[in-house]
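Structures given as structure tokens follow.
Both of the next two complexes hold chain A, though its partner changes from chain B to chain C.
And then the complex of A and B:
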């Protein structure tokens, strides 16, 4: 109520020269005005930014701190903390052989998915969908966005139906009836391949969108000029499109490495990390330790490594964004 | 036009066969386009086929068995139709011809499908919509008593979760986005940079501490808790998206509103917000779809079956009766996927307008 009344005070004027300066100017005139100005600035800060700050503090910053503390405790299934200890890290670095295996799986998973789908295939899709007529290109991009837009449980179910080991599986129907080959059981015999494909089909779409908009932002006359000079399609891709894609490609590479490193949703749904631990990537390993085995402290210690990697990669991504435009100073400073 | 007259004028001078060259270039271009389209069609098949398979199962499976003949029969009708349309689209530039051909193909393929597979279609798999205990009926009754809630409870929970989360995001992100776009305050740059780090930072790594925090404050296993968490972890992204939209609004209209006596808050509410309507719709649609499809966080933080959302319902249905009855699982999937797909299809033009830091997301 007090804020309301102050806001309605007669000092409702325009000061387009910057808040600080107008505040100083006002303080010469009268300290009442300056105080009202200051109060209103605080009220606006609380009103506009307050909710966001509270939410981010509770569910984004606090969890990081909790995780940091938790990693040095012995919390287990009972959710009780009895001592502070370094045991989690000792176990991680010296005793946990399964962790080593999961790091290897993570490396294969991330590199293969990223290299084949999230960058290379995304690039291929962006190049081809921008080369065909607009409406058809948009249609095919929409097709590739379909997996990203459909719920993860449904998407995982589709994969289960595709790789179903019996004769009803979609893949086996094609193999047996069209190619005359023997039926395959991909989920049990090549689980890593399945999760790479499943993640790749989703991962390709984000790169596709970003590369497409980068290609679209190349001035049209460059293409015409190249054509007039007798350049073929491949020469145009090589000399005009690729140079324009350098920044988006580096951005996508870091962004997708990070997101593949931490995401385990589809793996959990399709293979459950199995058979045994064969597809348990690092992030899923932390999740399983915490929520399957009840070793919350150990899971938190494992997550801590991912958090550190995440912060480093996030800082790296900064450099690739258009910081100048993002941080551009506001032009009106009236409160 | 000038190019054309040039092409006519030059052959007389040089004696080269320009018409033949033009024809060859035309054919080469047509071949290139067809090759590209063939590639795109070929790679689209592995994506579309499973979705189609799901729909086919849901309408044709009878208890215990899935007939694959319907799938391949309808593919044999639909694939040629699509190829014909692509060829027509390439060959003809007239929108009316394209539309006419598309309509004719849809009607023709539809009639053919109805004749060939029409008698195999039925709605029995969708009976979970009106019979609450269907899952227990399918499994032996002794093993489960009231384990599965009615699908409508899960549907309502999903709707509440997604809508409430969307409202929170809209309110909080538009306030914050407007503030960082228009106001100068101490630490503005630091705040924006921190927000940028949070945006790139993968929230999935925080799932264990978030679980514990919710447990400590008593919000574990409540829709409210999950709603707040989901809204927060996506918040930095939406703040940046909306900041972009606010940045694009010319500040003169705000100025003139305030010259006319509006306060800053009134200017925001009545003058600026209507200007960013497209941005608000885009954020709302995107946030709704994200919450609708969420699985990991709800899986970890919602336990009791009265709190299940659609993703959990589908997961447990598939977990329980996948080997027994494909049809129900497929029907639940179709029912679950439909709202987000419809939203996506109808609001696509809004979604493509979101950019962040010069990068479209």
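And then the complex of A and C:
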């Protein structure tokens, strides 16, 4: 904004009443300059914001429009549309017996993954890896980032091996051979726990990085001053670190809520949404309806609900976390 | 001099360019076939038929050649493959020839993607005249033939004799089982009692293993309890609530007896094969006769005698004492695209691929029953096809799946009910209610619900 104001100033000075030798010449020269400025502003706009806008239009706005249109059609497995109809919504609100259960599973999945792992555990990782010597901290962060760097399928296969109900599974090898306990079948008996753990272990690494960088940006002298004042480690965390993490935590909460609402990659790979519908979160439910039997229009209608839920969650959290303040222009300008 | 040289080069180039298409003019025929370990020659025979045709063209002095462009897909089953193929057709990326499970004939015919082959078949009796009559029923939709069956098969329970012997059954007891099943003395509950015993006594890790995904197999199980999926007169799918409840009650009974395994539907095919064959961990496997190939390999068996020492085959026993057993034959077929520019040529290639010699190679290498009467007396089937000869009497109880366009969806819903009961999420009544709800929601007027 400040830059724009500075750029706009010369054009005002060159306007007809700006004290030029000839008013007409000044007017012509001024309008030329203004036109050039406008052109440059447009060029800058197209150059710097254009690619982002094209990206937004193609991959964010267009899919929503396509989804909206499809939801009101009867598109089936042949991809043919024969009529516009409200039947998908009638079915969704009056006859779909699995819809509410799926929303419930989504709520548990999002809240648990977010609350336990993506924020809390991420925070714990950031605090512990910044409290230990730098090299050691960097090593542990790198270890936690490994799952994010490996292909999803490999990560999912590892989880399948961990929770394999046979004695071959890693968890059961430990339970049976080390602890002498009975083997567990987590995938069938506690499938929701499995997908929360699998998503949480990979999700925590993003928060860890963001929180670590926020902790690192706290001026060093504050820690020294606190120590000199006799503050203990917990007091430092409470009075110096936590206040500095307010915005990163708010941002991570909003970002991860939306991300978890629509992601089902690991769920599909590890449980396939099962057993039965036990881990079919809403996004996977829409996918299964659309692609397991080719009910594309119904899948689109279900996705529309997800879009609405996403928008409500984003706006609600935005307000709750007072994110507007984070994006306000700074009141102090450093020249 | 230079311009003369340039002219000569240009003329030479033009002549070469003009001559080349005449030397190698390929007519490309696209083939869509699911990569299926149990039938690689379904695609292979089309390629072989094109080779034969090319030899004929060469002999006739023609410059044209037919080139098969194979798209071998990796769908989990024929239902998934058909959904992918429907999408491919919808965006104009369909093949000229495709391999499909016969019950999808109606869906492709209704969508206008399968060509009505009735006239072609009638005009070419020398190509199709020897095909076993009843097989045509599997590719007939609304009175016309839209495909050419490539094989048929017999589904069954493979009983692992070693496990039964360990349970204390004598060879005579085991040998008497198939007849007891056929006479209705040995029922579906008896089957689960036996499989459950094997698990309870630690003889086998799994009682009965079945396919992990939706597919045709389960129809014969449901039929044993009176679920008849098709109302021929009304040309609609149907289901009886009472029969369906009996079927799911049986599944629950088998779960309680530990005959079925709660995680069966989340196992991969590989895991099921490993457990059934090389691992030798299952008392019974429910699948089709083509599995003989895998079993022979896994246990290094040399021939018929070795094989039947290890395995006994039975139909699905009746739901009630004195009832009839059930079986299912599930032909895989070739179809020609109605959208193809080369559909006549494609149909002739299918005709050539369906001749006894090529079809027999598929039949004997994968243990599928052949499609031509003539194949049954060919020396190869006598030598290598002993399993097919042994399985043929079981066809007495076989039915086909209906060629209704929505049978794939019907099957998928039934499968969800089975999965619900097996994983302990639904009891028999809840599974019945769930399936009825889903059928009504997804199939609407295409399904008739009866009490």
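The rule we apply is simple: the second predicted complex is superposed on the first by the 247 of 335 C-alpha atoms of A that agree within 3 Å, B and C clash if a C-alpha of one lies under 4 Å from a C-alpha of the other, contacts with A are read in each partner's own complex, and residues count from 1 in each chain.
The criterion applied here is as follows: contacts are C-beta pairs under 8 Å (C-beta built on N, C-alpha and C of every residue); 3 or more make two chains touch, one makes a residue touch a chain.
Treat the numbers as computed from the prediction; the structure is a model and nothing was measured.
Trainee: Using the touch definition from the top, say if A:96 reaches chain B (first), chain C (second), both or neither.
Mentor: After superposing on A, A:96 lies in contact with chain C but is clear of chain B.
Trainee: Considering only touches as defined above, state whether A:181 meets chain B (first), chain C (second), both or neither.
Mentor: After superposing on A, A:181 lies clear of both chain B and chain C.
Trainee: Which partner does A:272 reach: the first (chain B), the second (chain C), both, or neither?
Mentor: So A:272 only meets chain C here.
Trainee: Identify the partner contact of A:213: answer first if only chain B is touched, second if only chain C is, both if each is, neither if none is.
Mentor: Once the two structures are laid over each other on A, A:213 reaches chain B alone.
Trainee: Touching A:77, do we find chain B (first), chain C (second), both, or neither?
Mentor: In the superposition, A:77 contacts chain C only.
Trainee: Between chain B (first) and chain C (second), which, if any, makes contact with A:111: first, second, both or neither?
Mentor: A:111: touches no partner chain.
Trainee: After the superposition on A, what does A:292 contact: first (chain B), second (chain C), both or neither?
Mentor: second
Trainee: By residue count, is chain A touched more by chain B or by chain C?
Mentor: Tallying touched residues of chain A, the top partner is B.
Trainee: Touch check for A:262: first (chain B), second (chain C), both, or neither?
Mentor: A:262: touches chain B, not chain C.
Trainee: Mind working out whether A:165 is in touch with chain B, chain C, both or neither, as first, second, both or neither?
Mentor: second
Trainee: Residues on chain A in contact with chain B in one complex and with chain C in the other?
Mentor: Correct list for chain A: 79, 291.
Trainee: Under the stated contact criterion, what part of chain A meets chain C in this complex?
Mentor: Going by the criterion above, the answer is residues 77-80, 91, 95-97, 165, 185, 187-188, 271-272, 274-278, 291-295.
Trainee: In their complex, what parts of chain A are in touch with chain B?
Mentor: 7, 12, 14, 16, 18-20, 41, 44-45, 47-49, 51-52, 55-56, 58-60, 62-64, 66-67, 70, 79, 125, 128-129, 131-133, 135-136, 140, 142-147, 149-154, 157-162, 168, 170, 173, 201, 206, 209-210, 213, 233, 248, 251, 255, 258-259, 261-265, 268-269, 283, 286-287, 290-291, 296, 299-300, 303, 306-307, 310-311, 313-315, 317-318, 321-323, 325-335
Trainee: Which chain C residues qualify as touching chain A in the complex?
Mentor: It comes out as residues 83, 86-87, 89-91, 107, 111, 262-263, 265-266, 408-409, 412, 416, 419-420, 423-426, 434, 437, 440-442.
Trainee: Applying the document's contact rule, which stretches of chain B touch chain A when the two form their complex?
Mentor: 32-33, 36-37, 39-40, 43-44, 46-51, 53-54, 57, 66, 68, 86, 89-90, 168, 171-173, 175-176, 178-185, 189, 191-193, 196-213, 215, 228-229, 231-233, 235-236, 239-240, 247, 251, 254-255, 258-259, 261, 263-265, 289, 292-293, 295-296, 300, 310-311, 314-315, 318, 322, 326, 329, 333, 336-337, 340-341, 344, 348, 357-361
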